[in-house]
């Protein structure tokens, strides 16, 4: 059974069918790409998968568990984490605190312990701090732990968003245009980071991207969306050489 | 029965005043997307200007009203330019609201400094004594009739202005999407300035009518009617001009009737209770349109 | 890790240090007879306004929602605790009675915060502000109209007048409508007030540096991102709002036990009081807990010490408030500041 199974997922906005009969199977450990022209409905698919929108029709199953229509925060607990096209960091908080917030549901102590700073608090906070540092090290950001997150350069902000998502210990990671606005150097670095996450954490990744070099370079499978419908699905190589896909991208 | 009619008419009159204030609120909220907390204080400033012209300078009521309209318009436009415009697009939506509270605070304390805290007795702008009907059992004051007429005239004028003129169309465009309006060649700053000018001028008119009906003037005269008018605007559906009118009238009637039949101390609580219920049951108000939030 | 923790705890210690130092200096001045009785009488109010400012800042600066109803929470805290103290005036010893009065005042304010929070926290920004204002005014107006008495048969409530309570001979009116509550024992003093302030600071500062505090601030900074990392928005908003209301309630307990006649008037509990507390919060720095305490104390005492300034004081507050908002929040001002610092940094390198 696939890690993520999506069946006949559809949503209407007023009269507009933004996503229509969307199907997707992602196996554990796969690096999957979702591509398509602007306005094809890619981010809407992400919003459906993460519960930001409730689907009009269809079923989403994660690891055998039906998560259709669940709230965003429940879906995250079930195992889907994401990043955003327009970066959404906790701007007024430090780099490490952004990651610590991602760790929120991995480590627990009571509100009273938090107010009284009991030994329990100290112990768990120490664990949180160590785990957050571990994650920052993976992303090479441990040197910037106390920086205000909004003061980071653009590429580092994107990386921090991925680190924060990883902190929630997901089964599936969704990346929404991770390379948007990056220069070629940053993009190359990002590709390394994504590979690293996959190898180190054995992570399953679904990403939306426009940068074809990135998509062709790291994704194993692709789904192409056009006008809310699936144009084609399959191996990266096959999909990218499909004349229909080229037509959708370049136009006739 | 006649006494009920009497109260209903005073409710309509108070409601018409709320409606005029609410029209200003709803336009500013609809177009500039901000709660001008100081709007009620524009009313108070307008009333003091009339008071000064009529009582201190012995000018007539009508010149007083005209001067007040000019003053309020200037204050409204200046406030927007100095205090609100720089905060457009601020990271926190609270910034402009807190600033508006600051402006309200400023105007109240300025009036306190200039005019003192004592209650001024306001000479009504309307001198007509009104109608006596049903063998003297039903008296309708002149100011009541004038207030209702003025509010209807303003409603029609505003509707015509918004729907028929270029400036009005520009306002609708800015209300929908500032960015797109800019791309269409609309001067957003100018449009918002005009909105503030109209809203503030209406505040001066409302002040004249409010203080004619309830002729005692202090630096805090405008605050409560201002807040209640916002309640009226929300009740009618914020951003909707006819909605503001309906909301204002409803609120005025509810307030007077609950003052009469329930408790004068609890009438404000009832009015605010209505706001809470409306926002929970139908947040878009009676005539408001539902706008979906974009994620 | 070590460094980060010690930095935040140092910061906290500075706040406690300032409060304790100010307390010692003021107490010394008072016992040395260098303080007029008028000024000495302002010490408790100054402290409960500082507590109210911390409570409101927790709501505005940490949770990120503007409440204009905190005077209402003060009001319920004040009235519920005053009712308790009046009922047990003769039967309980002073210390225990005042402690229990705190428990009750805080619990009732928290309950109101919780109940009001359920509908209010579904709203946002302007609407939330105006609805909290509405709730505050409703609380004030209802308490202004209510009559409460107690006789051997128990409590009696009326909304008309004290006669309508229909009490036995031994009955005693506790809330006399607009006349309010008379004769609450004056249990509050400066030392107790400062202790309460320190406890409130302890709770707030510790909470900010805990799991819950991070979650609350995450919601403030980016609600959608907070949801996406599994934070239960409603739970944390309710938690923060309830705690904020409870702390305002504590300020109310001090209020009612420091005044001979407690009345639910606009002067004490109207939305203008909420706005005055907001002025303390903004001038002390939104989100800066220490700033709120300092601003509340200075702004409360200053005009009393500089009488000549009094006339212009509110006007100056208003101008400073507007200026601070624009300087801190206007996009143009931020950009200018960033450019300035960028240049500065470059030159430093």
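So that you can tell them apart, the chains are marked A, B and C in the order they are listed, and the count of residues begins at 1 in each.
In this section, a residue touches a chain if its C-beta (ideal position, glycine included) is under 8 Å from a C-beta of that chain, and two chains touch if they have at least 3 such contacts.
Just so it is clear, the model here is predicted, and its values are computed rather than measured.
**Q** Can you figure out the chain closest to the middle, judged by Cα centres?
**A** Taking the mean of all protein C-alpha atoms as reference, the closest chain is C.
**Q** Let me spell it out: compute each chain's centre from its C-alpha atoms, then which one is farthest from subunit A's centre?
**A** B
**Q** Can you check how far apart subunit A and subunit C are, centre to centre, with Cα atoms defining each centre and the answer in Å?
**A** Each chain's C-alpha centroid was found; their separation is 41 Å.
**Q** Determine the centre-to-centre distance between subunit B and subunit C, using the mean Cα coordinates as centres, and give it in whole Å.
**A** Centres of subunit B and subunit C (C-alpha means) sit 31 Å apart.
**Q** CA centre of subunit A versus CA centre of subunit B: separation in Å?
**A** 48
**Q** Can you tell me which residues of subunit A touch two or more of the remaining chains?
**A** 52, 91
**Q** Multi-chain contacts in subunit C: which residues touch at least two other chains?
**A** Residues 224 of subunit C each touch two or more of the other chains.
**Q** Got the subunit B residues that touch at least 2 other chains?
**A** Those would be 91, 295.
**Q** Along subunit C, where are the residues that touch subunit A in the complex?
**A** So the residues of subunit C touching subunit A come out as 1, 4-5, 202-203, 206-207, 210-215, 217-218, 220-222, 224-233, 239, 287.
**Q** Which of the residues in subunit C end up touching subunit B in this complex?
**A** Listed in rising order, the residues are 60, 64, 66, 119, 122-127, 129-131, 133-135, 137-138, 141-142, 144-145, 159, 178, 224, 271-272, 275, 278-279, 282, 311-312, 314-315, 317-319, 321-322, 325-326, 328-334.
**Q** Flag every residue of subunit A that touches subunit C in the complex, lowest number first.
**A** Residues 50, 52, 71-73, 76-77, 81-82, 84, 88-93, 96-97, 100-102, 104-105, 107-109, 111, 113-117, 121, 124-126, 128-130, 133, 145-146, 164-165, 167-168.
**Q** Applying the document's contact rule, which stretches of subunit B touch subunit C when the two form their complex?
**A** Residues 29, 34-35, 83, 86-99, 101-103, 105-106, 108-110, 112-113, 223, 227, 230-231, 234, 263, 265-266, 268-269, 272-273, 275-276, 279-280, 283, 295 of subunit B touch subunit C in their complex.
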